[in-house]
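So, here come the structures, one by one.
Each of the next two complexes has subunit A plus one more chain, namely subunit B in the first and subunit C in the second.
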Partner chain A sequence: MGINSAKLGAVLQNFATGTSDVQGVALVTPDGLPLASSLPGGMDEERVSAMSAAMLSLGERIGTELTRGGIDRILVEGEDGYAILTSCGQDAVFLVLASKSAKQGVLMLEIKRAVSELKLLLI
Partner chain B sequence: MTASTLIANQIRPELGDFGSIVCFKAVVTGIEEALGEKAALIALIAAGRVRGKQLASALNIQSGMPLEQITSAMQGALGQAGTRLCVIDKIVMVDDAYQVFCRETICSSGEPQGSPRSLSYTMGALQGVLEIATGKRLRGAQVESVLRGSNHDVAEFKEY
Partner chain C sequence: MEIMRLVVTGPVGAGKSTFIRSVSEIEVVDTDRRATDETAQLKAKTTVALDFGRLQFGPDMALHLYGTPGQFRFDFMWDILIRKAHAYIMLVPANRPAEFRNARRINSFMQQRSAVPMVIGMTHMDCEDAWEMENVAIALGYLDLSKAPPIVTVDAQDPASSGQALMAVVRQLMQAHLKPRH
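Here is the complex of A and B:
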């Protein structure tokens, strides 16, 4: 059975609209191709996808080379908000963009829930 | 002449517009060393896709063109008369996949027989052109390699 893109898109859309302070989301393949996304206008989906996959891969390498173990997520904290990359099993990488006012604990919990839901759709 | 088929000394008056494979390979292996093979592969394929899409635009390749016409345009732009990324012998449809048969790819050049190296930038460039030509999002995989006993580097692209 193929991946249900419509369902993936719906889960992302629900996450983006139902989680406070979330500004954009994307689900991409580990080789950097877009699966589904809901990104702010002006962001190139394909570039975001390649960047996300490369970043998570780089994080994994840092984890190995610098003996930090397996990588659960990468958090980029900027002046204007967060970009959080979470591994979504073997088949995908989940990117969440959130504003600076986001509560990190709530955000991480919501991401964990969304990842569980997305993994079921990627089997 | 299109921007994709530069063979004259249009950018560098003295040295000409071609660089060495040795330098290209050093860039690839250097990126791999710094970022890791996987991240480097993603970056190189992404770079290739962007280049492929630019090329498709320069060649006026549009969705729905016959495969023979696309093949001919790519052969001209990427082969001996073009940027010399690789020789494309043919592009065929196998079930729902596009298979591109290449030789002398820049990615495999200079590698010893048995090397595990796979196509990266070349794969992306082919993918970028085919994505524009087919109007589909494709996912590529290398299914044969000249480094592992085949006569061609064969890249296979399927819609995902």
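Here is the complex of A and C:
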């Protein structure tokens, strides 16, 4: 196990500051523990991690039970913004919080890029 | 058809998922993920959202069983599940005293949010180092057994034993219906 936490943290920081309308990001284990994050103040990393894992696992379950196939992402659209969960390999889940003004297409592309970068760091 | 929602809660490794698998008539909906925290020393997989099982109980009653995760970081799931529950059973592993404190915390979490009837199910009673029922009750804060909720012994792997525990919960539920407490 040679996961470089500092590097993971740096990639997340970069993503959070470099992508417009992104307000927070977190990388968590599928059983809901934080790996790295850059979250808005007042958000508890541990809680965010557990919620991300619960949501993705339920989503994946819906994918199989209701024959939607493998899940690419789960998107929660609220009045004040988006929460997007993307599976990041077998060992991680990537959460992005974005404001309502975010352009979804751009966001998805940026997430895709970040995920492939993060995957390399998790091997 | 009446649907009764029962929550199965308790600390990590008490046997919640096993219990639901033992009694459910349908294939259980689980959300198991590989454990990477201290849970991993106990078992390979852990529930991260909920378990769901179903059991037909007589001609006009169906039990819906919802299992919670055991770790505190998932307490938002406890909250979601207990708010709609008609009753709950808390499973406590009698052979792991370190978990009694967690069980007590889970129980007070539930009781702050819900006044539904409950039963305590003691699991792992066949283990050599299992505590006596009375002592576990005291550790859970029930100093006077006559004021404690019903305590039953459960072998979560055994459908008959799990079914009996479920009966105890349903009995509590019926009694509560017959004479409302407030």
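List of remarks:
By our rule, the second predicted complex is superposed on the first by the 122 of 123 C-alpha atoms of A that agree within 3 Å, B and C clash if a C-alpha of one lies under 4 Å from a C-alpha of the other, contacts with A are read in each partner's own complex, and residues count from 1 in each chain.
In the analysis below, a residue touches a chain if its C-beta (ideal position, glycine included) is under 8 Å from a C-beta of that chain, and two chains touch if they have at least 3 such contacts.
Being a predicted model, the structure only gives us computed values, none of them experimental.
With both structures placed on the common chain, the touch criterion links A:K103 to neither subunit B nor subunit C. In the superposition on chain A, A:R68 makes contact with neither subunit B nor subunit C. With the contact threshold set out at the top, residues 29-33, 46-47, 50, 53-55, 57-58, 61 of subunit A are in contact with subunit B in one structure and with subunit C in the other. In the complex of the two chains, the subunit A residues touching subunit B come out as 3, 29-34, 46-47, 50, 53-55, 57-58, 60-61. Listed in rising order, the residues of subunit A touching subunit C in the complex are 29-33, 46-47, 49-51, 53-55, 57-58, 61, 65. Contact residues on subunit C toward subunit A in their complex (touch as defined above): 29-31, 33-37, 39, 46, 48-50, 69, 71, 73-74, 76-77. Residues 35-36, 38-39, 41-43, 45-46, 49, 137, 139, 160 of subunit B are the ones that touch subunit A when the two sit in their complex.
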